[in-house]
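Just dropping this structure here.
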Amino acid sequence: NSLTVSEQRELEQRLQKRQVKEFMSLFGNLVDNCFTACVDDFTSKALSGREGGCIQRCVAKSMTTQTRLSERFAELNQAMTAEMQNKRF
Amino acid sequence: MFGFGARAPTSAEKVAAVENELKVVAEMHTRMVKICSLKCVDKTYREGELSKGEAVCLDRCAAKFFEAHAKISDHLQQQSAQQGGGFGM
Amino acid sequence: NSLTVSEQRELEQRLQKRQVKEFMSLFGNLVDNCFTACVDDFTSKALSGREGGCIQRCVAKSMTTQTRLSERFAELNQAMTAEMQNKRF
Amino acid sequence: MFGFGARAPTSAEKVAAVENELKVVAEMHTRMVKICSLKCVDKTYREGELSKGEAVCLDRCAAKFFEAHAKISDHLQQQSAQQGGGFGM
Amino acid sequence: NSLTVSEQRELEQRLQKRQVKEFMSLFGNLVDNCFTACVDDFTSKALSGREGGCIQRCVAKSMTTQTRLSERFAELNQAMTAEMQNKRF
Amino acid sequence: MFGFGARAPTSAEKVAAVENELKVVAEMHTRMVKICSLKCVDKTYREGELSKGEAVCLDRCAAKFFEAHAKISDHLQQQSAQQGGGFGM
């Protein structure tokens, strides 16, 4: 299962591409969620102060959420992997 | 972010870079159509044409979507810079 | 950033593939939305006249919506690109 | 629409064409399962088995889905022809 | 439209990849639906007996639904294909 | 399931296998973020920070998500084995 140096380099390139893709989808979901949650008044074509503030808080809160859940995910995933290793050997 | 390092980009990389830019724009378009249809168009379909009110709503929604998109992109860059980047991934 | 003739040809082929893919996803979304919005009676296995009419109006209205939003998108995207060019130079 | 121009298709193109056809069918299947589950299946899960009513609803929903799919495909072709094609993209 | 032996082998490999992908997305949707439908109490970090039972019934019911709809899909798709053949010749 | 048959895997296959494993984990992560945000985070965005209650809810939701994920994976394997595999596809 161990990779040679050139395989590792190939893998890293693919993962970098994936990361760009994931960041794009993250950004897209942020736009979806925050626009959907904050913008509801179509009597004007410019964002109101209230809408702009809501979007700013939505982005901040979403990023804290993302960070917190990613920490939990890493912990839980590590625990699960360790448990599976124990079962296997 | 999308640099090719020191060497000149290969043909495949140049084509992929242009393709990627167009893909980002296409995804933004798809997203806007989905959200603004949801916000503005009555789903009972008693009429097969857009009402005047729906049409105006779509125009304003599109403008607000672009504004929100830029705003969110800015917020994200600021917060990523503050947190030392990464959005928790 | 400019492409050679053969690179341009490669790009066009890729974009054509993408266009087919986008049309497919557009069609899929249309089916999702119009079926979800119009079909709710499962006492029979054939579409009723009312459901068929609703679907027809839904397709027509969705296409007008798509066209209108695409026009707005093109305008707004052009304005945004122009603005970014001005900032850069 | 999926023609290969004048020359004979390459092996890769022939395989891709068959693969694409199967993909279109698979996506339609996925879509139908999602929509008809949503329309017919009670989400409280007090029972682990489909009720008689749910099963009949699924059968009828599947039939209506195929009918609607064909109808929408026809409408789309007609309207694209009228508008000079393109669906606004 | 008929494929050579080596083309057929290539196609089979691609379809196998697709099947793995589809199984993954099926599993993912199952997790989404059953977690969303069954888990709503966050006063504890372990699944309650009620939630666990609900998930078990949800998985069973979803699999029956999937199987039933797949049977209907196969029948309807075959009927549709036959009809299109008749129109063509 | 992801075996390479009798022969030794090629470089491309080895890289793809590692990439695939990481992709499965990444999708699980994305899914968890989406579901737990939906379950725990208030969408009015009057505040830009997570409340204490929301933070605790996210932690518990993450733990429950992992438990449910494992449970569903087990159920699926059992039922697939009983039904002779396939999940109807």
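Note that the chains are named A, B, C, D, E and F in the order they appear, and that numbering of residues resets to 1 at the start of each chain.
We adopt the following convention: a residue touches a chain if its C-beta (ideal position, glycine included) is under 8 Å from a C-beta of that chain, and two chains touch if they have at least 3 such contacts.
The shown structure was predicted, so the numbers you read here are calculated from the model rather than taken from an experiment.
Shared contact partners of subunit A and subunit B do not exist in this assembly.
For the remaining chains, with subunit A not counted, a single touching-connected piece is obtained. When the contact pairs of A-B are matched by residue number against B-C, D-E or C-D, more than half turn up again in C-D.
Using the mean of the Cα atoms as each chain's centre, the chain most removed from subunit D is A. Put simply, the chain farthest from subunit B by mean CA position is E.
Separation between the centroids of subunit C and subunit F, computed from CA atoms only, is 30 Å.
Inter-chain centre distance (subunit E to subunit F, centres taken as mean C-alpha positions): 16 Å.
Mean C-alpha position of subunit A lies 26 Å from that of subunit C. In this assembly, the C-alpha centroid of subunit D lies 26 Å from the C-alpha centroid of subunit F.
Shared interface positions of subunit F, i.e. residues touching 2 or more other chains, are given as 29, 59, 63, 89. Listed for subunit C are residues 22, 34, 38, 56, 60, 66, 68-70, each touching two or more other chains. Following neighbour contacts from subunit A out to subunit B and onward until the ring closes gives A, B, C, D, E, F.
Taken together, the subunit F residues at the contact with subunit A in this complex read 11, 14-15, 18-19, 22-23, 25-26, 29-30, 32-34, 36-37, 41, 43-50, 54-55, 58-59, 62-63, 66, 70. Touching subunit D in their complex are the following residues of subunit C: 19-20, 22-24, 26-28, 30-32, 34-36, 38-40, 42-47, 51-52, 55-56, 59-60, 63, 66-71.
Interface of subunit D with subunit C (complex): residues 1-2, 24, 27, 31, 35, 38-40, 56-57, 59-61, 63-65, 67-69, 71-73, 75-76, 79, 83, 87-89. Against subunit D, in their complex, subunit E makes its touches with residues 1, 3-4, 6-7, 10-11, 14-15, 18, 22, 25, 29, 33-34, 37-38, 54, 56-58, 60-62, 64-66, 68-70, 72-73, 76-77, 80.
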